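All chains are identified by letter, namely A, B, C and D, in their written order; residue positions are counted from 1 within each chain.
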Amino acid sequence: MTTPAHRPTGLRIAPSALALAGEGRVFDLSSGWWPGMPLAPGHPPFQVLTFRTPAGERAQGPHGDLEWLGDNTSRFGFISELLSFCAHSGTHIDALAHITSGENDEWYGGYSAHEYLGDHGPLTHDASTLPPLLGRGVLVDAPGALGLETLRARQHIDEDLISLTLDKQGVALREGDVVLLRTGTMKHWPDTRAMTAVEGAGLDLDGARLLARYRPAAVGSDTAAVEVAPSGVAGEPQPVHRLLIRDLGIPLMEWVHLEELAAAAVHEFLLLCLPLPITGATGSPVRPVAIA
Amino acid sequence: MTTPAHRPTGLRIAPSALALAGEGRVFDLSSGWWPGMPLAPGHPPFQVLTFRTPAGERAQGPHGDLEWLGDNTSRFGFISELLSFCAHSGTHIDALAHITSGENDEWYGGYSAHEYLGDHGPLTHDASTLPPLLGRGVLVDAPGALGLETLRARQHIDEDLISLTLDKQGVALREGDVVLLRTGTMKHWPDTRAMTAVEGAGLDLDGARLLARYRPAAVGSDTAAVEVAPSGVAGEPQPVHRLLIRDLGIPLMEWVHLEELAAAAVHEFLLLCLPLPITGATGSPVRPVAIA
Amino acid sequence: MTTPAHRPTGLRIAPSALALAGEGRVFDLSSGWWPGMPLAPGHPPFQVLTFRTPAGERAQGPHGDLEWLGDNTSRFGFISELLSFCAHSGTHIDALAHITSGENDEWYGGYSAHEYLGDHGPLTHDASTLPPLLGRGVLVDAPGALGLETLRARQHIDEDLISLTLDKQGVALREGDVVLLRTGTMKHWPDTRAMTAVEGAGLDLDGARLLARYRPAAVGSDTAAVEVAPSGVAGEPQPVHRLLIRDLGIPLMEWVHLEELAAAAVHEFLLLCLPLPITGATGSPVRPVAIA
Amino acid sequence: MTTPAHRPTGLRIAPSALALAGEGRVFDLSSGWWPGMPLAPGHPPFQVLTFRTPAGERAQGPHGDLEWLGDNTSRFGFISELLSFCAHSGTHIDALAHITSGENDEWYGGYSAHEYLGDHGPLTHDASTLPPLLGRGVLVDAPGALGLETLRARQHIDEDLISLTLDKQGVALREGDVVLLRTGTMKHWPDTRAMTAVEGAGLDLDGARLLARYRPAAVGSDTAAVEVAPSGVAGEPQPVHRLLIRDLGIPLMEWVHLEELAAAAVHEFLLLCLPLPITGATGSPVRPVAIA
């Protein structure tokens, strides 16, 4: 197998985006990752296992794949781990092959899972095609605009709430933005019991259509699924996923930690997000940072 | 278990670093990741397995952890994967607990593996403590300075070669730099047979001491181990790892793809690297980018 | 690596054991295994993932490790899975390296984990040394003797209860027996809530000493740990494990399904148990059968 | 999820089968299992990772899933592992859902993978339906009959060779037998280079038809695939798998170690094989034993 040609060519970061870095304060928007962390339903557990250990290396001796430890009177050792998890664990971005619908189970671009899904992941639009995101980020702090700590469970982030929030913030969306919608869920992270107070709050289909008109580089939120649940759309468990990822090719970002940005009332910033271009993965864990 | 307090506070990116972004050209320094990719010896295979599939979801039906698929006449489906790999696969940064030596198998800070290594990874200095790296990056293009395509197998990057290269490049190291040493190995990536022509080329102990005087934020290279092999130091298979990571707390970055930077003769740049703060991991895969 | 010499030589099954087969009725003593099955605390989840699929094989095409599918107009396909679990899941037998105690963390035979535990399991007394068990089995149906459906939570199977039960059953223990102690826990299998009614019932240290005098080939029970919990022995969470496995080299069998044997009042039988000799494993899942 | 009803009812072992136990000599027919063992192409690696360790348990402390270690002045510890492998590793038996063919990717009984294959394995005819095999076993020692050490690479075990061998052995097949075909491959086990001398030798389609007339309980061999490769049948990479498993519901056993049986010239015996009834698995590793 040859290496996938994942490296984007001709990618540039705009001077206007760099100018957003302002005072250079760095906000870490990631969830952290650890064994037993909360996950959206349907995913395998997040596991970290100690793999190599100094004592184990000595017990096995300097042969086979440890031959290079050869002359080792200094008792040099190394520790490694086996990670076992799904790309949709913690803060992550979805690749465009993540979502299918219709008779032929097609993802973005009309690729059918019947023909293009291998046993090691999708053959097109996998994480290896996710470019670095280096541009303008906008926080849509809905509970902030409403004077709430968090949204209510199952509250819709609809056209009106987005418009009202942007107005209050005095920020307008532009093409290519990374739009981050806050529900306040991560205020309770990782207390799954407390998080149920905000459960299901998120973007609805009309809100998604509004955002799509600006052709954002990505849309994210501080929840497991970005979108409101239940969806309120008959026959469609996740119509926002279907519209943004599958129909329009706009990646979603989930479990984005927005509490510190909101507390600092930073609504516009330089957003840096560097997905791992893993062939066959349907997304990538990321540690986005906002700079302002 | 509570979430680890991985989010750094008070982190800033310096205006002088931002100024390095120049024309805003983005260079992707990552290796890519895929099942069967080349790895340093001693690591588990890099595996990507299709986990969820539209047909599998239908076969299992909307119950258990798929209950939320409920009303689904649109045949909405999602694809996910199980990733199984070690943090030291492809382009990555080492956490400080990665390397031990001495009678008590101690890592940086004097933590003994006998007391601080759990079954889910080290309890201190794991990847959850790795901050974002957002600052000045310097390429030390040793073969470029020597007029070579690549270094020779087992060639030392020593004090002299570093000094000569920096002189030719007209670049001086400063405190806090991310220093990236090029051997040319990635010119052949991922052709393991061709890569043997450069095998073992890397930083030697004297070269590492020189770099350490500048207190770099990290030292990286385009090889599996950064350092020269064999080490030439009796009883120490990896003295550069021991010195930089274990003694001095300077992370190493490995398998960094430097070919495009070298081809463009970019020796100084804004370096962005966002390690995943995974509790228990001894490093993180990263997709560093250089901007210039 | 060469194959381990796991095949026992000179092993015979005694005519007296074969004679126990009686009418030839076969009782399956296994728990079954499935994703999400109940496990003793401290173990990784039991996972089954679809690995190869007919559609995935077609999508990837007949190259690499699927090259042999070559000419395939018949649409031949195969399905496989990735299993990921611990040997101590469901019905299983412990290898003698499973249990350590004391200053040097030694298992049976005085092997210290500090020296003999590699990163791929113990180097001695692992599952590769477990012989087939083909001989006399004895059921000690304690609740049956007491006229109960099951024992009570935390009830001790002590010397007296063992003696009383064997007396009522009219069965005497002999050297080399596989002794199976019933608490009735599996009557509720796999309903973990219902199983709490019997939780912690099991063999105590005096009872284990009694059994050890007969030098059994193995001791098993229908619980996660065979032994009573809490142990009632200060400083020793599992003194029966320590005595039988570590000190005396007698394997334990756990989660053995004894309900059908008990219902049929079969107390003596031909026991067949065929552990998988996996190098580095600390036990093996097994499907023991009783024949009577 | 409730436990699968895997336990067979009314299963009996015939007196005539027990009578085959003869002198009670036990022959272990298993391959052994270890990290890095040889595998048929297309399968994931066989991995054993140390999971729990006495030092790791102390480092993590007696809380969470180790809470039960509580009062532990005796330094009680336990070692466990994570096993990660495919059921088709080493000696194993195939479940009937393992093989599909035709337009709808159907396995035995006409179940289509499009409808009955979940993300955790097939929903019918998985390993949970494999009964214990306890009956007459017959060795067909083809190289023995031909006076050879092993068959040649790609040599067909066809109708004639089976008949000739059975004649020389003076053994007739009967309904319900487990028929084990020897090529001699395991004489070289696990030396993959040496095994190439016998590579591809195996049962051909006519030979399979002959065996099928006797309605065997299972057909096994000492190779990765039982059947001859290449198959010699246009458009069908594995017609013997298709015929026996998919069309007729006769399981195959692979990598069966037959060298000791052959050396002892034991051609008829009591065969004991106890597959693990794992829900969703497409087969089970087994340690069959022959008794004679």
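As a working rule, a residue touches a chain if its C-beta (ideal position, glycine included) is under 8 Å from a C-beta of that chain, and two chains touch if they have at least 3 such contacts.
Source: prediction; values computed, not measured.
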Quiz item: Tell me, which chains sit next to both subunit A and subunit B?
Solution: C, D
Self-check item: A-C against B-C, pair bridged by the larger set of C-beta contacts
Solution: A-C
Quiz item: Between subunit D and subunit C, is it the same set of residue numbers doing the touching on each side, over half shared, or a different set?
Solution: same
Self-check item: subunit A onto subunit D, rotation angle from CA fit, given as a multiple of 5 degrees
Solution: 180
Exercise. Please work out the Cα centroid separation of subunit B and subunit C, and write it as a whole number of Å.
Key: 43
Practice problem: Take the average of all CA coordinates in subunit C, do the same for subunit D, and state the distance between these two points in whole angstrom. | Solution: 21
Self-check item: Overlap residues in subunit A, where contacts from two or more other chains coincide
Solution: 1, 44, 49-53, 55-56, 82, 84, 113-114, 117-120
Quiz item: Which of line, ring, star, complete and other names the graph you get from chains that touch?
Solution: complete
Quiz item: In the complex formed with subunit B, which residues of subunit C make contact?
Solution: 49-51, 53, 55-56, 82
Quiz item: Of all residues in subunit C, which touch subunit A in the complex?
Solution: 1, 44-45, 47, 49, 51-53, 55-60, 64, 84, 113-120, 123
Quiz item: What does subunit A use to touch subunit B in their complex?
Solution: 1-4, 6-8, 11-15, 18, 21, 23-26, 28, 30-37, 41-44, 48-55, 65-88, 97-103, 105, 107, 113-114, 117-122, 128, 132, 134, 189-190, 229-230, 234-238, 241-242, 257, 260, 272-283, 285-289, 291
